[in-house]
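The same chain A turns up in both complexes below, where it pairs with chain B and then with chain C.
Moving on, here comes the complex of A and B:
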């Protein structure tokens, strides 16, 4: 393990230096909340943020993007791919979100490698940040095994008081650190403080699941007809907020928009949500997941079972964003505990 | 493959020869949606390249009847409205409800919540007898409507998208999902989290969540989504501290016609 020390007063200089060559996407205040957005001034970065409204996935899979330009002037439409990628640094991602990026990497590589996502990913450096305090009462990262990360970042920062330790995860991270930051080697005293900080953090996070998350797939396998889905169906607004704020959701829809001259069209990709009434509606009007209860069940099965089975990494990272966003208080921890309690 | 040719779609749309002829008409409304159309003609100059406006009282003195697409603003509130609307329907290949008043009866339907005599007295005073009126209805209650553009007023970008879709014979891209989707995609702070209330969870999107984006709750002007969970929405408003009357006000401000129909 190779550790460098980044004094806190060096952080704005590092961000400023990165901004010359990269779009730096970091946590900023937005009203009483935080968001990952492009940083325009290093002083905007709030590394003391708790949780952002949307996850840093916005830098890799934007809510809406143009994916192709289609020329309609000839006999047959001529599509031309549009890949809107630029060198980007995700600065200050918490480890739950780092785990989520690993799932997205797998999802966008499996079956049909997604050139748009992968090109953005190729041009992106991830600088993550160790969490020392729970975001709030809704995070359950400790249960989901995302309270720390061993991989998935280029550089990883841990706050040890007046400085950050920097763990170098990749060669690209190492090169960036050398080029953009002024650091020094870690001393024995730095290491002592790091160990102190890390051992102090674990007891601050409590377990909220009443069982081991590794049991989720087998637990859900017995719960397909559980009465809880009907209850959730009664409560759910189908507003899609739970999935739209989720760092491991990646479903999208494609839309075409044509120019007024009718000579050119743009193909747009937008986030979609399995919770929306129209998500599983097909030509002819048939809807394969018409009941809200069925849509809720689908979401929990994806988070607890299907994604894990398919991508061999947790489908839910315990960030708690869906709980905070839900206006009818549907709480994934309570849902899983209820199912476990009745198993 | 014929399906790949946009020509195939065009013949189904209103474009046969030359520019498509469009007309604008209004019934009971403030004409704000037509103002938005006039505004969009200034920001999207290509519109006038794409279509020919043959009848638009608010913008032009010309008044031809050879239109293919009719945009109709306003609610139906009188017998004689029905006859006029039917004539428009007969002429138009495509009839589009323009804005909340035509689409859902909008705020006009608030009067349906009160006895008609009382409403007439309130508005016209001693001349109440001079003016004919009955409970407000959306235009779809009188004639078949091919497409609608929701909102009070309409969103100009959406208007342009609808025109483009009609020109190529496609179904206009009006979302069936709620305002919350657009609001979340913008990364907005939920207005419920700053102590306000919002009809966004059950209101049809397409406005870009403009009100919550500027910090105000959605008023529901675009009508409700298909299959809204109204009971859950009432509970959310109740939990936010609204009284039953205030909750009903939220549901009826723009959607009184629907609520009354559902209650019958």
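Moving on, here comes the complex of A and C:
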């Protein structure tokens, strides 16, 4: 279909209009870095951001949420599910993060649908943004096939200079564009500029893996006893930063709290990390993944093999956040290349 | 809009609490409106206490003996189980489930069954044992080899006596260390295996126990010639959701809660984190 054109000066007006009906979560500056946070003023939104500290996942699986309230006033405790969802627009997600949402969607839908995530997802519009430059030297989206996206968004923007082309991905996206934005039809000149911009972007991104990422599952299948895990185990501080910033990590803990009056209890879900010592420890004392080396291996196997095999979509989107966040410079690209080099 | 949540428990009433040993109690639980739990032997429930926490507990009662209630045999070992041990009949606990894959009882019909529970591992196996005994005619031999650390740690002593007294059950029990009350067999559970002979091709073996036990018991079962696909084990892991999402129970690429907790040895023998 013909694309729509959103002039750049219209973006703040569009964000303002969306804010009337939605929580708009977009990239904004935090010190020298960027974060996805609710936008309170359209001028905060920074579509020129490189990468955010935390992925837009925060809007769908918040770091902490209440999942149930239990009223303890009567003889029988009365549970009440809490679905903390509100109409939300994720504005300006890069395509790596869009690919990550597909993994989360599948994980939270499989077998036992998770109504908390899924209700938020149902109420969320995703407006994504084509990347024209690598975020920095740690991006390896080109290797992971996430440098662009042809699904997973409601609207997709590409910067063609003084305007964005808007590709409509869904009916909901089309309705939102109609209602909240002033756009015009793309002209032949717009299409020419779009093609120019898109062909210019690919050479700017380099391959950083020394092999085809499709080989990752079979490569890892031969690497379970690779010496690199022991080496990573020696370096890793088990801080959990890598999993906290990962757009495809969704493991969680459940906490049961009670009010001071003892009249109400809450069940709270919080992000958890397979890198923490107690993650697999049972009350009897046994820790089923006690060695840091085993926990590091677990993370890389999930990212490179197990998530892909279970959900048929990449478990790592090449955003490079875990590399930037690691305090001891554990680098997923180097890990995979090392394994490939010794295979 | 109210939606349901897989993480919101329903509250069930404790109708009986009976001490089994110093550390274990048997809880009899009734769901609202006398509804049956509808579990298979080997499945588990998530048990929660408001403000304290939630833990996965295997169901120890047989579906064939439900009477509108089910039973949990719980060792006092952590926050949730300690709080549970302080509760009394009439109190309410949160229940989610039943979850997981239990024992495939249909595939066991007509077969000889060799049960080898160790310690608290009897809890999940008792569910299957009692269902088998209630449908005794549709199974071949029933052999039970039970091991505990000390005589005082033997669970369900009244039922053990019943099994020992039946002539259609071959029952052997051992303790790692005896005492003045004990005149039975002394030694770890593997020392019971030489006492029995089996027809390996027609035998299904089932075990559950402390992590250290599996390797040795499985070695004995394989030593009897029982095929890997006919050896079932139930595994324990930390669980926070029970439905394959939270990640805590992962055994390499398997989710103990969803793909298990009952696995065949063939399924997990090449899964390094399993045993």
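Throughout what follows, the second predicted complex is superposed on the first by the 339 of 343 C-alpha atoms of A that agree within 3 Å, B and C clash if a C-alpha of one lies under 4 Å from a C-alpha of the other, contacts with A are read in each partner's own complex, and residues count from 1 in each chain.
Just so we're on the same page, contacts are C-beta pairs under 8 Å (C-beta built on N, C-alpha and C of every residue); 3 or more make two chains touch, one makes a residue touch a chain.
Here the structure is a predicted model, which means the values were calculated and not measured.
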Task: Based on the superposed arrangement, let me know which partner A:72 touches: chain B (first), chain C (second), both, or neither?
output: both
Message: Is A:282 touching anything from chain B or chain C once the two structures are fitted on A? First, second, both or neither.
response: second
- prompt: Touching A:328, do we find chain B (first), chain C (second), both, or neither?
  reply: first
Query: Which partner does A:269 reach: the first (chain B), the second (chain C), both, or neither?
result: second
Task: Check whether A:258 is in contact with chain B, with chain C, with both or with neither, and answer first, second, both or neither.
output: both
- prompt: With both structures placed on chain A, which of the two partners, chain B or chain C, ends up touching more residues of chain A?
  reply: C
Touching partner for A:162 - first (chain B), second (chain C), both, neither: neither
- request: Mind working out whether A:310 is in touch with chain B, chain C, both or neither, as first, second, both or neither?
  value: second
- request: Across the two complexes, find the residues of chain A that touch chain B and also touch chain C.
  value: 72, 75-77, 255, 257-258, 262
Query: Across the complex, what residues on chain A touch chain B?
result: 30-33, 35, 37, 53-54, 58, 63-64, 72, 75-77, 234-241, 244-245, 255, 257-262, 270-271, 273, 276-278, 292, 325, 327-328
Query: Which bits of chain C are touching chain A when the two form their complex?
result: 1-11, 13, 48-55, 75, 77-81, 92, 94, 211, 236-238, 240-241, 243-253, 258, 272-273
Message: For the complex, give me every residue of chain B touching chain A.
response: 4-6, 10, 44, 46-47, 49-50, 160-161, 163-165, 167-168, 173, 176-178, 180-181, 184-190, 192-194, 200-202, 225-227, 229, 231-233, 235-236
- prompt: In the complex of these two chains, what residues of chain A are touching chain C?
  reply: 67-68, 70, 72, 75-83, 107-108, 110-116, 119, 224, 250-258, 262, 265, 267, 269, 272, 274, 279-284, 286, 288-289, 294, 298, 301, 305-306, 309-310
